[in-house]
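Structure provided below as structure tokens; questions to follow.
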Amino acid sequence: MMPTGLEAIASTDLPPLTRQRPRALWAAAAVIGLAVLLPAGVNQYWMQIGTLAFVYWVLIAGLDLIIGYAGQLAVGFVGLLAIGAYTASILCEKASWPAFAALAAAGAAGALFGFLVGLPSLRLKGFYFAMTTLGFSTIVTQVALGWERLTGGGIGLPGPIFPAPLDSPVGFYYLALGMALLATYLLRNVAFSNFGRGLVAVRDAEVAAEAMGVPITRLKLVTFTLSGILAGMAGALFAARQTYITPDAFTFDLSVLFFIMVLIGGRGRIVGPMIGTLILTLLPEIAAPLVMWSNFLYAVLLLLVVLIVPGGIAAFLERLFVKTAKGEGLEAPAPERLNAVLGQHASPKVLTLQGVALHFGGVRALDGVDVAVWPGTVHGLIGPNGSGKTTLLNAVSGFYAANSGRIVFGEADLAARPSADRAALGIARTFQTPRVVGNLSVLENAMLGAYRQFTTSFPAVALGSRHGVIEDCAIRQRAADALAAVGLRRLAHLRAEQLQHTEQRLLEIARCLVMQPSILLLDEPAAGLSHDEIEHLQALIEHIRSLGVAILLVEHHADLVFQVSDEVTVLDVGRVLAHGAPAEVRINPEVINAYLGA
Amino acid sequence: MLVTILVAGIAIGAIYAMIGLSYNMMYSTSKVVSFTPGQLGMIGAVFGAWFIGVLEVPLWLGFLGAMGVAVVYGFFTELVAVRPVLKSIEQHLYVLTTLAAALMIQQVVAIWWGTDPRPFPTLFGLGAGLASEKYWLPVVACFLAFIGLELFYRKTLWGAAFIAVAEDAEASRALGILDVRIRVVSYCLAGFIGALAGFMGGQLLLAFFALGATLTFYGFVPIAMGGIGSNRGALIGGFFLGILQQAANYFVGGVFVGVVTFAVFITVLLLVPRGLFGSAVARRV
Amino acid sequence: MKMKAMCIAAVLAAVSVALVAVPAWTQSSAPPLKIGWLAALTGPNSTPGIGQDRGIRYAADQINKAGGVMGRKIEIVSRDTQGDPTKAVNAALEMINNDKVEFTIGPTNSGECLATQPVIARYKVPSFPIGVVDSLIDTVKFPYSFRVSNNNTQWQESVLNYALKVLKAKKIGIIGDTTGYGTMSVNLSEQLLKAQGGVSITYKGEVEANQTDVMADLRKAQSSGAEVMVVWTDSAGLNSRLMNARAELNWNVPFVGHPVLGAGAVKPLLAKPENWKNVFNVGYRPMSFDDNGKLPEKSQKFVETVSSAGVKLDDTMLWWVGLGVDTIQLIKDTVEAAKSSKADDVKRMLEAGKTFNGVYCTSCAYSPTNHNGYPTDDVVMNRADSFRAGAYAIAPGYGK
Amino acid sequence: MPTLAPERDGALLMASDLSAGYGAIRVLQQVNLSVRAGQVVALVGPNGAGKSTLLKALSGMIPKTSGTVSFGGQDITRLTTQACGRLGLVHVIEGHRVLPSLTVEENLLLAALDQPASARRARVEEAYRVFPEIAEKRHLGAGSLSGGQQQMLVIAQGIVRQPRLLLLDEPSAGLAPVLIARVLEVVAAFRTKGTAVLLVEQAVEKALHIADRVYVLVHGRIVLATDAQSARAPGVLERAYLGAAQPS
């Protein structure tokens, strides 16, 4: 997974690839060396099985991004393989295109249909989405059968033949190996980049991803397109390896096989699915007599992986090779590191709510609320349960649309802006129950905050652009500073799900800081904190304020609110009950009654 | 010509509708959309054919035997494929485990029963031509199942308990209702209804191991149209799909029936994700 | 004490060496003649593969008992392809590279054959595919590939000649299933009939194999005035439903077409046994009972010897078993005639045109330009409902 | 303010060093609490303090991270909420969560599902006597009832289950004052029938009128445990609530 030790990251100039643990680099070199020498050491049969494994891996590398990283259960991916295979074969056979041009065309066709297969994932989840991909692949086989003039129907047609040296089994082996390495390179670049982290956030914490401004629709579609390209090219290679394709070569069982290859490997990993692909290509050859039971074994394997070894091979390997260092625990925060994080970036903006009303069904959650939060000040918001505090926060951060009234931040009228743009405007928020991306490391979670400020495009990152790597390092450094600021410096490399509840709260705050916000919305940050943890929080809030960031603090912890706030508003049943300096509000009889629920 | 399309369409539509009822029965108590209803239909057809056709067991015993196997498979599905993944339902792991359960039964039947469609015996031998039993048996069974379920929900206390668990599992637990036991019973009942579809439709569909996959897909279309959880939606969606397919088969030709069905399926899903009668989706934050 | 342990170890070592050496010693000096058999023994259409498998193993045993081929024992190396093209290609690669087979038989379905032919051709291994698709045999693309069984055109000609010459039909309807094989056969029949001239195709349709109700389609064919229905589907279910629909429309028009019209699996699917009347499936003269119910003398002897050797015939087709036996026999004769099993020698010997007289392929002959060995006029029509012990009665009108 | 040790003898329900929460979130920290037979105990505290979590931990709705709970002398720490219910520890959860598409009668009959069929009718009639307001709406869908009526129905469901101890979670939430009085009057009546009540309530003053003892829960800790009389003294609760009482 990610490199360990925060100090190692401090040197920003080295691109992440070379700074990966030497052991991983040596392992990768060994595997590639073995693959290059294989044809010499083994007969043509096992070599061609190797070719098949590489061809499948070109597809699985793309599918791993969809299932492993983005968590979209695309069950019917054989349809895209078929589209690539038929596009290449038809162009070569009927329009006598050169093989490499046909390969590129297969990639393009894969991109188009990958995009189309991705569209339903924007609205559908789980079973519904799995069903659409299954339906898609059955349709592809039926059209291949029915459109006889083009696809040769049941009789099928010959696959593309690559030019001279590559048409021999050995030559084609190296072509497939090359494509497999290219696919791995693309997968690695995206997986270890800003986009890879965004995908895992979409999989594990879609709400948090939206709050951080991750453009979920665009990210999903771009990922489906990339995996479509890989699947299409894999299809062309598959047709070339088979030398002849018929519709019944693209069976539902192959779809399930691809699905299991990713899952057995382990979600959100690269090496795991690679090994999964190798095993599931070799297994049927070794256990040929068991071929009758092959589907049954795949089903049992799928069940075992989900129920017993959710982490798959990757988790198993990690337990063996990667010793997950124990977190040494919380440190005293170092607020001075904040200057490096926020720098002079935070442009001061005023948040004003005028007459904001919002109701669900009969219940009037907010009933004409006026609140103003000035830059460089802390505005406390308190009130009994169900008074509308969190609703107000959700309205500002775009999860709810106000029925009437205006919310203005700086010059932007928020009503008009979609929720995903709020992060770009400089609005950052935490949640009542912390929403962190469990499977990402603490450092990666913090880096997610800067998703919107990452300028390199997806294709550029996929192809390993230097600029993308430099940007990534800058964000990594900013995240490291933010973690130090909140006291999580020594826990950077732990997975976020290993953190204590309070540490997860601080991680959320660090993530917000990395967004270099103009306003920070804190939703009950002190809940469940111990006494001295609250003091640390208070010091942190005061330091953030001193750097010109506006803070809207929703909190039950009365003495924290009254000590740190510059002004306090008390909400009750959706209306402003009292407003003013903390000292006056605290002794205001109405407030006490509201609190005691007289 | 219209008559043939209607009669065959309604007969097939009734089978899809019953598979839809099986989907709803499982969903109501577990909020899991499972891959196995189609396989239950296959079990009804294959085991019905085996008991009555091969072993020549009397009709009613063959019926009970086929239903029994489906109930046991329903129990197995809940125990192995649903219960362990209920805790992390938002990760949709149930898609994987129920898919595995479906593939297992399909492969076992393929190895034991063979891979060619085998005959399903005529049950009562009533009617001929368009009035043959193979057309109206599934329709009768479908309405009996639908009405039976409505009565069960409305008139019996156990039915009320089902609705309670479906509506608010936590409140039901607080009331002392054993929601786990209700869920197990619902999966067994779903097994019965699914197998009923396969058994009653056996003469139309024949006893074929790959029936499960087709019924799972075509049985899900009414659910997508009608909205998961609504039995009325499943019925209407089922009959609509049956007739649509027969018409497409006649006018457009065999190959493109799948394309037409998928086109209808995907448009409905994208326009009305919750379906026409579906229940509202919970608030996000 | 140590001594005792020592000598026990020595004895054990000696015994184990002996065990390993024994099999090698008894084997004749020459290495076994390995024949690869790509069979679909499970999966969708696996029934033909199972029948052919019985013939192949029976023939190999008989030959090995009689001393093998030039002293070399025949070893059948088989692997189940399940009718899946990818598995068939992998199986072929394994047999050729790992097991070093010198011949391959099969695969048994057209899709698989089309995928394996180019792969096998690249390794110059003589192969005997069993699919009927014409494009499987091509003396240029697949120089070492020969076919013992018939090709699709021979089936088509037998069926269409019977419809035109024996049944004397002027208006013909053609119906097939929507699989690749089905659509291809329906189009081929249409072309051949148009080339024939003097006959009108009143109905042409394709029906999905598991479409439950075919009444609508058949009613369209009936109203088109077709006098004979040519049927191309290998799905027993669809064939039975077509016959039942014909009976319900009481439209007594002969069905002429694919062998599976007479398959054992059709019988139980029929609403009434008489629905099987007036149905003629394409078959083979050597495997057909003549008018007084007797098989040709050579086939009768074959049936007796084979069933006495314990090979079951009642649940399969006799010609499948015959094809298996003939292919092994053909390999033996060719290798013995060429005195070598090298690919080029075998190819030269086969193309020399020496006719091979098998049970199923009674006069099988190849030439450098024709690698289809089956004699066309042995492809005849049978009466579908006359199925007995794997064979059929020859259809009326053949007489000679 | 030292936390008082719960009375050892004769306690019907006793929780000792009870901790619980949701996943990584620690809500309750070493809570000690007890309720004697026939006693009405009020549990108050600022919202978000963990009052509902405590009731759910006591009744087995959520797993406990540590500590034990005993009821009628029997250890019920591991029991499911259904099993606790059968022992007489009945939990009426917050938010008047009736089953809307079932009739009032069906809602009540369901509560008596685990009792012999013959006894169900008697239980339901008894509940109607306590809440005549819902008696005449017995055949209406529970969803069509007003908030107050739904609250009565939920409590009636508790009555039907013949509780020895009733855990009531904010029965007065969202109710008009006159209905709050009606509900609290019914709660007080339980005492006369010997049914103990652990009442979680926002309306602190009203709760104090009918309660025998009071526990104040702040941030998952019991900061004050005293009899209702001394709790009513001025300033006692304010200090507990508004943070003056620093948790030890």
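We call the chains A, B, C and D, going by the order they appear; numbering starts again at 1 in every chain.
The criterion applied here is as follows: a residue touches a chain if its C-beta (ideal position, glycine included) is under 8 Å from a C-beta of that chain, and two chains touch if they have at least 3 such contacts.
Here the structure is a predicted model, which means the values were calculated and not measured.
Trainee: Consider the two chain pairs A-C and B-D; indicate the one with the greater count of contacting C-beta pairs.
Mentor: If we tally the C-beta pairs in contact for B-D and A-C, the bigger total goes to A-C.
Trainee: Compare the CA centroid of subunit C with every other chain's and tell me the farthest one.
Mentor: Most distant chain from subunit C: D.
Trainee: Quick one: report the Å distance separating subunit A from subunit D, using the average Cα coordinate of each chain.
Mentor: So the centroids are 43 Å from each other.
Trainee: Can you work out the whole-Å distance between the CA centroids of subunit C and subunit D?
Mentor: Taking the mean C-alpha position of each chain, the two centres sit 79 Å apart.
Trainee: What whole-Å value do you get for the distance between subunit A and subunit C if each is reduced to the mean of its CA atoms?
Mentor: Whole-Å distance between the two chain centres: 54.
Trainee: Can you tell me which residues of subunit C touch two or more of the remaining chains?
Mentor: Those would be 42, 178.
Trainee: Listing for subunit B: what residues touch at least two other chains?
Mentor: Only 110-111, 255 qualify.
Trainee: Check each residue of subunit A and list the ones that touch at least two other chains.
Mentor: Counting only residues that touch two or more other chains, subunit A contributes 145-146, 292.
Trainee: Which chains touch, pair by pair?
Mentor: A-B, A-C, A-D, B-C, B-D
Trainee: Report the residues of subunit B in contact with subunit A in the complex, numbered from low to high.
Mentor: My answer: residues 33-35, 80-81, 84-85, 91-97, 99-104, 106-108, 110-111, 213, 217, 220, 224, 255-256, 258-259, 262, 265-266, 269-270, 273, 283-285.
Trainee: Which bits of subunit C are touching subunit B when the two form their complex?
Mentor: 42-47, 177-178, 206-208, 210-213, 215-217, 219, 235-237, 248, 265, 268-269, 271
Trainee: So in the complex, the part of subunit D that touches subunit B is made up of which residues?
Mentor: 59, 61, 80-82, 85-86, 91-93, 97-102, 106, 109-111, 113-114, 157, 161
Trainee: What residues of subunit C sit close enough to touch subunit A in their complex?
Mentor: Residue list for subunit C touching subunit A: 42, 79-80, 82-87, 89-91, 93-94, 96-98, 110-111, 114-115, 117-119, 122, 133, 135, 178-184, 187.
Trainee: How about subunit A: which of its residues touch subunit D in the complex?
Mentor: Touching subunit D: residues 384-386, 433, 497, 499-501, 504, 524, 527-528, 531, 556-559, 586, 592, 595-598 of subunit A.
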